[in-house]
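Next up, some structures in structure tokens.
Each of the two complexes below includes chain A, the first together with chain B, the second together with chain C.
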Partner chain A sequence: MSEALAIAAPTARKREPGRLWIVPPAALLALLFFYPLALIIRQAFLDDSGVANVAEIIRVLHSRFFVNALINTVTISVTATAGCLIVGLVLALILAFVPFPGSGFIARLIDTFIALPTFLVTLAFTFLYGSAGMLNSGLMEAFSLPLPPVDFLYSTWGVVLAEVTVYTPFILRPLLAAFSLVDRGQIEAASVLGARPFRIVRQIILPAAIPALIAGGSLCLLLTVNEFGIVLFIGAKGVITLPLLIYGKAIQESAYQVACIIAVVNIALSLGLFGLYRFAAGRLGV
Partner chain B sequence: MSAVAFTGPSVMDIDAAKIRGAGSNVHFDKVSVAYGAHVVLHPLTLDIAPGEILAMIGPSGSGKTTALRAVAGFVRPASGRIRIGATDVTDLPPYERGLGMVVQNYALFPHMRVEDNVAFGLRAQGANKALISERVKDALATVGMATFARRYPRELSGGQQQRVAIARALAVRPRVLLLDEPLSALDAQIRRNMVEEIARLHRSLPGLTILYVTHDQTEALTLADKIAIMRDGRVCSHGPTTELYRRPPNRFTAEFLGRANLLPVTVAEAAGPKGFATARHGDAVLTGAGRDEKAGDKSLLCIRPQHLSLTADSEHTNRIVGTLSEVHWQGELTHLVLDVDGTPVRVSATKLPVALPEPGAKVPLFFAPADTSLLPEDASV
Partner chain C sequence: MLVWSRSGRLVIWVIFALIFGVLFLAPLAVILLSSLADQWNGVLPNGLTTEHYADVAKGAAWNAVKASLVTGFAASALALVSGTWAALSLRLQGPALKRLLGLLFFIPSAVPSVSVGLGLLVAFSHPPLLLNGTIAIVMIAHFVLISAFTFGNVSAGLARLSPDFEQVASSLGARPAYRLRHVTLPLLAPYLVAAFGLSFALSMGELGATVMVYPPGWVTLPVSIFSLTDRGDIFAGAALTMILVAATLVLLLGLERITKRATGS
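Moving on to the complex of A and B:
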């Protein structure tokens, strides 16, 4: 006993890791993140002359342009996330469970989308599906049509399609990781027991992929809520989302209080989604 | 009751006959499997009778698991046909073959309770709720897991999980049960118990045809009615378990199925009407169970270590002398290693003389002609 105490004593006197190491990252965060955030929140309550103006907040929140932007943001992000989940799931199932040569190459190719700027996909879409794009030119020539027949790109659907294309890899990556951990023995056992492929996907593979679906889906939702480049680049008439509205109010109209009020709502929406994700992830042990 | 699209008798239909006596035979008709140019299973022709346990044993890469996976439908034969009962299943997907399978790592569905795991196959085949409930209870009771129905697999030990996996396979009343190294993940003590339990299970379900793949000769010897020994993608011997053990047809079988002493001999006199031949090993004239050897043939005399005795009696009429080199006491058994004219000979003895000879001493060994078998010297397969 006394020996153990003698050994333990120097350990107790040992210097604890430097507590001051918290200062640099905290200061950096405060400077680059919290202070600008606080400025935005402060600006939301003050008019251009620096006087508190709560009435403006109520006016903006009840305005038609804000409500439309909010509806557009939620509609586009939820639809795009659902699209990403469906496309990502189907692609991941094929890549993980249907053996074909080159599946690894295809998976890596899809991965490279993450590295590309989002507006590049939109630019590519313009060449493909735009009024003078390949699809419309081909159809007009083939059927002697006077006007471009395909006209979805400059609408909500164009934005959704571009976002699905850009953000599907964010679903695909965690799904492929989850699928690689699924015991092939379980799939084979289910198959021998009489389960057809659809039942195996539904009852064996998907339960194992739920954490990955939630993680990827939440990330997609967050990214699509805050997507700016794609919406701006497509420039669809009447498709104004919260980030685009903030840009318009701040840069084009110099209405800083209005921009900050909308920005605060945008931040609250993002943090709310993030909180929901953490809650779901915690419940599922992700 | 069943909505299973199945060209043969459906698993649900088999319910009517109940499991007793309902097993089907499995027939491999020149079945070969190749991955590109690499042949992993050479044309295999083999029959497993209804209600029979056939153990396929062999070293890693010998093709035994490939043969099982071909029956299950996970490997497509490059040539040949597989029939289960009267049904040619070669082109059927696994879910239409009416089988049960248990694999090494149990492969239980981790998000389902034990009862849902066992019910899975029945639900997949469209059985009604009453039947599912009855079958799940029966299957769990059969493997002694009835009280664990509400548990999740993670709440069970390895042995319990394997029992659930067996119950899950039995619940669908399979025509054939495929066991792919089912006990390999268990520790030695539990493995011994599980071997006994599977033997007991088969006694209670005598109609169940079982294809049992293992690399463990003890499991094969304990459970199987017949054994097929695989090597390099080929069956190198196949026959009733006791026959294969007592009269191995070749050196590989003799050495793979239990321990064997293989004493080089020259046949002096071919086997007579009683099946015994005379052979010489040095100065010793030995009598052993022969086949079709001729006088003058070089041969190997196979003697199992437990059949060698340090004391003579009326049955142990053969006598050889060796130099004792090692003694290993292992509680129930004592293993002796002797050098007989350059050939190492092992003896497993339960009883030893009070005065055990010292290493280096010359020790006479005795064995009965009926406990021996002559093997061709040149046939390694």
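Moving on to the complex of A and C:
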């Protein structure tokens, strides 16, 4: 025991100076990220001339614009995440277990969507499903309708569909990784013994996918709560989310205290979801 | 193979083609088509033209491309240095501090971009730290948002590195600085390039924090695409979006080729 200590002690002392190397990057992050974050919280308690005003917090939290934005944000996020999980699971099952020539290339193509700006999809949807878009023109010509029949783009559903496109790759990636570890022999044995595909999916494949679905799903919840570009580009009056409300209050109305109060709520929500994601990812080893 | 019958497989592939076509292929194809569309009153454009590209090239496009590239490069370079530095020096910490600091370096990726922009406005709008209205505040916003991704990528690379090389170098008497320069960093190089590429792509498409802090005269591509489409000029917006996509893809493919050549595969 004492020998072990004697050997361990000098190395521990030797390591001491190396520990300070963490200070420069940590200080940079503290100055540029955590200090501004703390000031948002401080500003939430002060009105724009710098006087403490706690009543304003209660007013904002009870206001209709805030409650509506919060409900919108949560509804869109949960619906879009459910959509991503379903679409991602279906696509991953086909790519992994019913592959076709070129399926590897298609998987990589979907993966590049992660690197593309999110508003690209919204802009494309304007041309596809907008009131003068391809779908509506086609339907109006075919059935000689006076008005565009498809009208979901400038609503919650337009945002949800765009977010499903943008965030499905975040589900697909861990799912394909999980599926590549599933034993093919087990599936073949089950199917030789007469198990139908649905039963194989339910009993063999899905249990292997659950960690990836939980981790990917909580990442999707976080990203959709924070999404800004898609909602801004759709620009529907009725679809205001928390990030859009913060932008509107700070930049268009210069109401910094209101913006900071909403930002505190938004950040708390995001950090909660981030905790969930880290917990899920750490617990399940994804 | 999960489905054995030929007809069953065909049905499943048709389902796949439908989902893929509607959700992924149609948006990309339609952006390309609309950026080239002459007039678009029916299902398909009446004719094709390169006029929108000429228009944006005459307008603010080059300034926007320059602003995006310079911002992306500066922010990614700083994020690469600070992320690599953090990931390397985190290895020297005790386990408890390592976990805590590792978590703190990840937190910027969880905070909404608009709030990052708001925080910078609140913090740096007064002397002595007056950055509001400068180009630097845009770069800082991008740096904060991408720093967690760079840190994450480099940490993942470090975790996969076999410790043998570093131990051999140390046992042969290499000093820490020499070992870092000639052993650890070259082994990490592919991960560093990948991290740089990903953060550059993220920065090129960043909108939420940029609209909060950008000064007049430093309008990035996403912001100018938004102001074009907001004005109703959606065809020019589509052309500028294609320029953004092309610039991002060229950059990512270029970096991938450099990595492949460097690693000799």
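The working rule: the second predicted complex is superposed on the first by the 260 of 286 C-alpha atoms of A that agree within 3 Å, B and C clash if a C-alpha of one lies under 4 Å from a C-alpha of the other, contacts with A are read in each partner's own complex, and residues count from 1 in each chain.
Following the convention adopted for this analysis, contacts are C-beta pairs under 8 Å (C-beta built on N, C-alpha and C of every residue); 3 or more make two chains touch, one makes a residue touch a chain.
Note that the coordinates shown come from a computational prediction; the quantities given were computed from them, not determined experimentally.
A.B. asks: Could you figure out whether chain B or chain C reaches more residues of chain A?
C.D. replies: The larger set of chain A residues in touch belongs to C.
A.B. asks: When the two structures are overlaid on chain A, which partner does A:F119 contact: first (chain B), second (chain C), both, or neither?
C.D. replies: The second partner, chain C, only.
A.B. asks: Which of the two partners, first being chain B and second being chain C, lies in contact with A:D183: first, second, both, or neither?
C.D. replies: A:D183: touches chain B, not chain C.
A.B. asks: Determine, under the contact definition given at the top, whether A:S137 touches first (chain B), second (chain C), both, or neither.
C.D. replies: second
A.B. asks: Would you sort A:R199 into first (chain B), second (chain C), both or neither based on which partner it touches?
C.D. replies: After superposition on chain A, A:R199 lies in contact with chain B alone.
A.B. asks: Between chain B (first) and chain C (second), which does A:Y256 come into contact with in this model arrangement: first, second, both, or neither?
C.D. replies: It touches chain C, and chain B stays clear.
A.B. asks: Would you check which partner chain A:I234 touches, where first means chain B only, second means chain C only, and both and neither mean what they say?
C.D. replies: In the superposed model, A:I234 contacts neither chain B nor chain C.
A.B. asks: Give one of first, second, both or neither to describe whether A:V90 is in contact with chain B, with chain C, with both, or with none.
C.D. replies: Once the two structures are laid over each other on A, A:V90 reaches chain C alone.
A.B. asks: A:L128 in the overlay: touching chain B, chain C, both, or neither? Say first, second, both or neither.
C.D. replies: A:L128: touches chain C, not chain B.
A.B. asks: Look at A:S191 in the shared chain and tell me whether it touches chain B only, chain C only, both, or neither; answer first, second, both or neither.
C.D. replies: both
A.B. asks: Both chain B and chain C contact which residues of chain A?
C.D. replies: In chain A, residues 188, 191 are touched by chain B and also by chain C.
A.B. asks: Where on chain A does chain C make contact in their complex?
C.D. replies: 15, 18-19, 21-22, 24-26, 28-29, 32-37, 39-40, 43, 87, 90-91, 93-95, 97-98, 100, 106, 109-110, 112-113, 115-121, 123-128, 132, 134, 137-138, 141, 164-165, 168, 187-188, 191, 197, 200-201, 222, 225-226, 228-229, 232-233, 235, 242-244, 246-247, 250-251, 256, 259-260, 263, 266-267, 270-271, 273-274, 278
A.B. asks: Which residues of chain A touch chain B in their complex?
C.D. replies: Residues of chain A touching chain B: 183, 185-186, 188-196, 199, 203-204, 207-208.
A.B. asks: Which of the residues in chain B come into contact with chain A in the complex?
C.D. replies: Going through chain B, the ones touching chain A are 4, 11, 72-74, 93-101, 103-111, 120-121, 124-125, 165, 168-169, 172, 178.
A.B. asks: Going by the contact rule at the top, pick out the chain C residues touching chain A in the complex.
C.D. replies: 1-4, 8-9, 12-13, 15-16, 19-20, 23-24, 26-28, 30-31, 33-34, 40-44, 82-83, 85-86, 88-90, 92-93, 101, 103-116, 118-124, 140, 143-144, 147, 176, 198, 201-202, 204-205, 207-208, 211-212, 222, 225-226, 229-230, 234, 237-238, 241, 244-245, 248-249, 252
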